[in-house]
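A quick write-up on the structure given underneath.
The first chain written gets the first letter, and so on, giving A, B, C, D and E; residue counts start at 1 in each chain.
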Amino acid sequence: MRLPVFYFRILEVIALTNNILFVDHLEKYFFTYQGIVKAVDGISFFIKEGETFGLVGESGSGKSTVAYTVVGMYRPTKGKIIYKGDKDISQDSRKRPLAIKKEIQIVYQDPGTSLNPSMTIKDILELPLKVHNISKNHEDRIKKVKELLEMVQLPVSYTYKYPSMIGGGEKQMVAIARALATNPSFVLLDEPTSALDVSVQAKLINMLIQFQKKFKLSYLFITHDLSLMRNVASRVAIMYLGKLCEIAPSSEFFKNPLHPYTQMLLSSIPVISDEEEALKPKKIISKGEIPSPVNIPPGCSFHFRCHKKMDICSCEDPIITEVNEGHTVRCHLYTK
Amino acid sequence: AERPFRTNWSWPTYIDPAVGSDFSSSTALVNLYDTLFYPDIKGDPQPHIAESWEVSADGLVWTIHLRQGIKFHDGTELTAEDVKFSMDRLITIGEGYAYLFKVIKSTEVLDKYTVVFHLNHPFGPFEAVMYRFYILNKDLVMANIERPGPYGDMGDYGKQYLLTHDAGSGPYMVKAFPLEEYLLMTIHPNYWIPIDPNAPDEYKMIGTCEPVTVRTAMSRRELEIADRWQPVEALDALEKINGIKIGEFDSGLSYYYMVNTKKPPTDDIHFRKAMAWALDYKTVINKVFPGSIQSRGPVNQSLPGADPTIFQYQRNLDKAMAELKQSKYYNQLDEYPVVVAFPSVPADNEKMALLFMSNMADIGIKVETLKVPWASIIEIMASEETSSHVAGVSVAPHYPEAGSLLESRYKSDSVATWEQNEWLLDSKFDAMIEDALKTVNREERFVKYSKTQQYIMDLCPTLFIFDMMAKHPYQVGYIDWPAARGEVIPVMGYNLAGRFIKVYPDKRAELLK
Amino acid sequence: MTKPLLEIKNLHVWFKVFGGILRVLDGVNFTVMSEEKVGLVGETGCGKTTTMKAIMRLLSMPPAIIPKGEILFKGKDILRMNRAELQQIRKEKISMIFQDPTAALNPVFTIGTQIQDAVRFSGKSGRKMKKDEIKARAMQVLKEVSLPDQERVLHNYPIQLSGGMRQRVCISMALVSASELIIGDEPETSLDVTIKDQILRLLKELVEKHNTSIILISHALGTVKNMTDKVYVMYAGTMVELAKTKDLFAHPLHPYSKGLLAAIPRLTGGGIGEGIDGHIPEYINPPKGCRFHPRCKQVMPMCKDKKPPLFKVSEKHEVACFLFQNFGGDCIDK
Amino acid sequence: MGRTIKFIAKRLAFSVFVLVGLSILIFVIARVMPGNPARMALGARAPEWVVERLREEMHLNEPLYVQYYYWAKGALHGNFGISLVTRRSVANDIKAFFPASLELALYAGIFMGIIGIVLGTISGWYANTWVDNLVRIISYMGIVTPSFVFAIFFVLIFSYVLEILPTIGRLTPGVVPPPSVTGVITFDALITGRFDVFFDALKHLLLPAISLAMGPLSQEARITRASLVDNVQKDYIASERSCGIPERTIMFKYLLKPSLIPTITIYGLDFASILGNAFLVELIFNWPGLSRYGMNAMLQKDLNAITAVVLVLGLVFIIANIVVDLTVGYLDPRIGLGTERSSE
Amino acid sequence: MQKKSLTQEELSRRWENIRRNWYKFSRNPLSITGLVMICIILFFTIFAPFVSPYPESAGKFINFYEASQPPSLNHLCGTDAFGRDILTRIFFGCRYSLIMGVTVLLLIVPVGVVLGLIAGYHRGSWLEIVIMRITDIFIAVPPLILALAVCSVLTPSIFNAMLAISIAWWPWYTRLVYGIASSLKEEFFVKSAEVTGANKMYILFREILLNCISPILTKMSLDMGWIILIGSSLSFVGLGAQPPTPDLGSMVADGSKYLPDQWWISVFPAFAIMLIVLSFNLFGDGIRDTLGVERG
């Protein structure tokens, strides 16, 4: 059995630096009537304290599953999740200690479904305060709720409104306020803006960046919008069919995309200015669709959409290789 | 069919002589089977299959000479063997009317046309009981036995077969019997007594008593004689229809409020008498069951052996109060509500119960009703604890004589059945009635009946309410029904013997125009 | 490119709802030349879909009312057409592609049934097509949108196809019944980046091949930039700016357009603009004057009570903002 | 196809479980009834030894689980014991009564389906007009009126006042029923070519079937209307319109089919419960049906009959549900082909 | 001081919500009709002893000399075969029907809902299997038949009839709530509460139950009608209330024997049943329209 180079490097990194999260060979399979869905299929990455780690991928690639597993909604099928270097949190949320639950929070993709439609904003924001004993009494809680609302720049008069009465962007603000209510140190953002307008998105992202500085937060930022990723993440990982194709620091990533899939993604982005146009790899035409994770193609799962396909690709799965400092890629092109 | 005759009854109906014993079954059996004797309109026995008979001096041996040449529906001849077989079968199975034949020790075939019954003890009403003994075709039954069955060698004794088929020699024979729907019989073309040409050639018993349905069917001339349980208002309405009349005759049925003599407060005779004085008999016979007559003692007045001189209570609140004051429950009336149980059909029972309730309220007795399906009445009367203070039930004699009612109503062995709620358990009474029944001489027997009736009256175990008039709406316009003309045979079922009824299809057609 | 193909003049659409009347469209003016590719951008809820549905007369009329306005298709007012004429337009002139292909395909019929019906009722009325003719045509359009294995697709239900394939089917249905104008109502938003790219490229190819005009609605400006010649910017039921695509992206004039452009994250990095404060006004009680003024950073007193008309800033660049009233040029509105 | 068979097999396996549970439930209910069923069956005057004999025959003296064992053993062989009331084997009784009930339910089902859907469609198509309001008022009346009230009024109006329809039974007296092939008279009549009998039977069916159908029919009309009104708003209708498909095709093809799905779901439930709820109507029309048989069995504590009738009704319910699920699955590929998700 | 103002704020919010819902509800004239009818029925039932012309008719009163009189000014709905005023008995009868409906709902809704919540939330576990399989068994029998079976075990009385209906009816609530709960369980707001660390009670009875309330309310108001109908069917076969209790179902059943000549005996009670059921149906539909759109 070959252990990927990456694995040893990671161990080193753990020993040396302050990682808020270390995900090691995480697998999450779903057993459905159609077959086994390998939603997450052995991925490893780490997130440094205070950084924004971006996770990009097409729909169905398993991004949310990673987030849900980290936050404890799912129990990993295999693999480890280590929080703050020493706390193994690979169990599911029921067994997870409250203290950890308080530390890790999540903001969901769809603001519509992540807020209980029959509860007022106050009820929603109160819950984490109650559960984690953050405020002592009712009065205190209401005060805190109002503070939270102010923090996300929502009018205090929203306290007693129902989610259905406010707009999508505002709902997402409430969701963020709820996530921040427990003073977490690590927040998972699962496509927090994909359902919103660009103008609202801008506001929200700016606010998130501000909070990150203010509360020393680390983010796992999931999106499929590469342009957005470019502006928020310090390191970016590309996911395809449950596997990571490429991990790189964000500037390096956009200047020098290695994996053919990354190149295809980049070339597909619609942009509005010529400078941006210049950054896109030319002459790569996107083709095909992401296949169903039930029957993942053999070999490299990307091979039949790949414009640089080689013979080996259809039979052997490439392993992760570090090409540059901190820039790893999973492609046969780079494993000579 | 040219002359269909249709009547309606409630279910279930059993056409097996060893199983059926209720109204509808009796009616069906009368039409399908022959008996040794046949009752006349006085209830007295006339020769039928039995051509002649004699009884030994000690009253223990009855010798019957059968009529010759009588054919069953399948053409085989009726012989003494069939009689013996039928009796053995009835007694072995033990259901239906079998209880009437407990006195029979054995049956003996003397020759092809002579049969002898040996009794355990002398039994006065022997001939009357024999109206319920139907003669089966032995060969046919034996050919249709299903084995194994609960009766050993005899398998099921032909019970399954006889559920839907007949094995008789009667004037009608079964043609179709879809369960719970109807029983269709056609005339026996070679019946040994010539049948009037106007008698119905098809006889149908329909299984419903729903007033609306009956009403519509009557008005559409799809029903010739309706059941007797139609409520007063329905009768009124039916009578208004052209060509329909209510045929009224004493049914032999009496309506009792059977009072539990073992349960407080009705265990107190004064309490019972107070109730008897307080009840408004006039309203009952005028308004609740109009046309019926107030009962005179425990025996229906139409029955041979009933004593016409027995005392009758009338509503008298003073006397009622006087009796009530003597009762030990007088000061605690509220703590002792009287529960009156009655079956939910017929509907008029409820009127009776509410009248009772209101009458008793006049003297301060609290009454609660318990209206339940018939099955539940049987169930609650089955034990002393569950039985109610009062049960409103009507009872018919099993054979046309006072002794039948007296025995079934008050003898100790009838407690826990629906025929006795009194829980009388009086050994003196038991001896009296047994003695009376063993008396073969009719006159002597009737004197003893009188005494027994008087004895019961003194105990006041029952509110004797009324003797019921059977009220059958019928198509006077196109049928001739002897019972409605007053030619009433006082034995259950016999008044609907098809061969005496005449149907005139042309008159029907006219009415339908 | 002389006569306008479609011309919307001063269109008002209101909705009668519980709380009162939603005055959604407030004097929309909109022109499409033949063979022109027009973009329409704006935030969620600004009335893009409503405008397009009004063109096809797809608004269900009890809640919707059209109190004022004209929609001229080749000079003829669609709003006043009788049923047969309207049917004619729908059958062969204009068609629409919806935002969510899943919702736009009837889930209980096979793709074949739906396309073949679209084919059967398209084209010259009166001429009945034969069965195999219909099928052949259906296969042909499916091929045109580069769907592989058309035979199988015809027998599939929408649920059996992926999102991208469904959208291709929708496009093929639109192709069947539109020879002059295709309206694409955010045909790509619900799709993935790579597929989005494929679909848009396909659409562009087809439009160019068939010489059809297209109206492409989006709130993703990048898409519009690649696809169109001319762009309308819509805000809360009015057109606030119209320009050649290149001009707009180079020099947006209206504060709203500027804000919108600034809010778009760039691939070059460097952070994201601030976005525009506030949100789309409620339509029951929209702000008087310029509907954008409560959110506008450059608001002037006059914006609060007078609705700005479109000012012509240059040839082919008009903007509805009083900041530009002194640029001269004609005033189109009223 | 294999998928469908698998589905049916799974459902059938599951329904066996439900039936076993149901049999236990109803068996216990029937046996905890107070009283002595044997005595009840034999009448007041039957001697004690006869009663005892019957009790033994029916294992009534054994503990409950032993009784159930005997019962289940019999039931597996299609022997549900002897009815205390009819004295026949319960299986035979059910064979006799079930076709009558089924016939009634079938015709009620036909009325229910056709009239309900037609009314609902009209109502939905003319939503918010006076036609719609009229239909809605009618359907409200249908829902709130008990079926026995309908039955009584129908008897009065059609047979008593107007004298155009018969009231009792399945055939006019004197009409010879066709040989029993299915037990359903109308079918038998058609099979044997006896059209006079067919029409006679149909006449008898009309009133009870309509009385039974009124409530469910109204329900269906309302649901159809609601889902039509709902679906008109859907994007796919707009999309089909934009393709120039004419209104009539849209209405009767593209709109109706998806809109019928909720109706069919309810329809199955209603159909199954018609069989069980029919007893009052069967009583009034003297219809020799299963549910009247069941009701009588309950009133007369006819243990075996109660258990068997409830089981049969349960079975019908289960089958109706399977049929509905299959139909819905067929009509709606989202369900038929859909993926069943499981979380882990 | 502070606290009070806070709760006041909350109160005013609540009040506003009620007003909003009321506004929506009142938009449909049919719902209002239903509500008004319910109010009228409630009025007549609560004050039956005072508003009915012959209150004694509801009890053991009989007067055969005034039996079966057609409607007249003295007896607006006529008298029955016992000489009792039918209008009075209808007023009191509605009382029993309503009591029956309310009692049954009170008995079954908590049980059914809690079971449904538990089963729905534990979808996939043995708890779900046990609860839902039992529910399936109960659901497989038509409610009327099951109620009849249970009723025939017990002595007929209004209370036992209620018990029987309850036994037959609870699984429908379990199934309703199960359906909602098992789909809500996958919703992000529930997941988020779980992940935050809320306990099971909170999730079941706040997060999930709150969202079931409007369907439950809707079903309750519609079921009110069904229960009354089933109750009347039970009375029709004599398994309901004991005489002389004025029970609408028995009144129709008994009266049907006197049709068509004494039509008023059964027609008016039947009409009363229809009215009650109708009013609850209208009201229920109104609730569905009001609460359904926003939350659904």
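Things worth noting here:
Just so we're on the same page, a contact is a pair of C-beta atoms (placed from the backbone, for glycine too) under 8 Å apart; a residue touches a chain by one contact, two chains touch by 3 or more.
What you see is a predicted model, and the numbers here were worked out from it, not measured in a lab.
Counting hops only between chains that touch, chain C reaches chain D in a minimum of 1. Of all chains in the assembly, those touching chain B and also chain E are D.
The geometric centre of chain B is 89 Å away from that of chain C, both derived from CA atoms. If you average the Cα atoms of chain C and of chain E, the two centres end up 51 Å apart. If you average the Cα atoms of chain D and of chain E, the two centres end up 24 Å apart.
Chain geometry summary: the mean Cα position of chain A and that of chain D are 54 Å apart.
Multi-chain contact residues of chain D, defined as those touching 2 or more other chains: 34, 152, 156, 160, 283, 299, 301, 342-344.
For chain C, residues touching at least two other chains: there are none.
Residues of chain A found to touch two or more other chains are absent. On the side of chain E, the complex with chain A involves touching residues 2-3, 6, 9-10, 13-14, 17, 187-199, 202, 206-207, 210-211, 213, 294-295. Chain contact summary for the complex, chain A toward chain E: residues 68, 71-73, 93-94, 98, 101-102, 105-106, 108, 110, 113-120, 122-124, 127-128, 131-132, 138-139, 142, 159-162, 164, 178, 182. Residue ranges on chain C touching chain A, taken from their complex, read 43-44, 162-165, 192-198, 200-201, 219-223, 225-226, 249, 259-277, 279.
Those residues of chain D that touch chain B in the complex are listed here as 34-36, 39-40, 42-47, 49-50, 53, 57, 85-88, 93, 96-97, 152, 155-156, 159-160, 163, 166-170, 173-174, 177, 283-286, 288, 292-293, 296, 299-301. Residues 17-19, 21-22, 25-26, 29-30, 32-34, 140-141, 143-146, 148-149, 152, 156, 160-161, 272-273, 275-277, 279-280, 283, 291, 294-295, 298-299, 301, 306, 309-310, 313-314, 317-318, 342-344 of chain D touch chain E in their complex.
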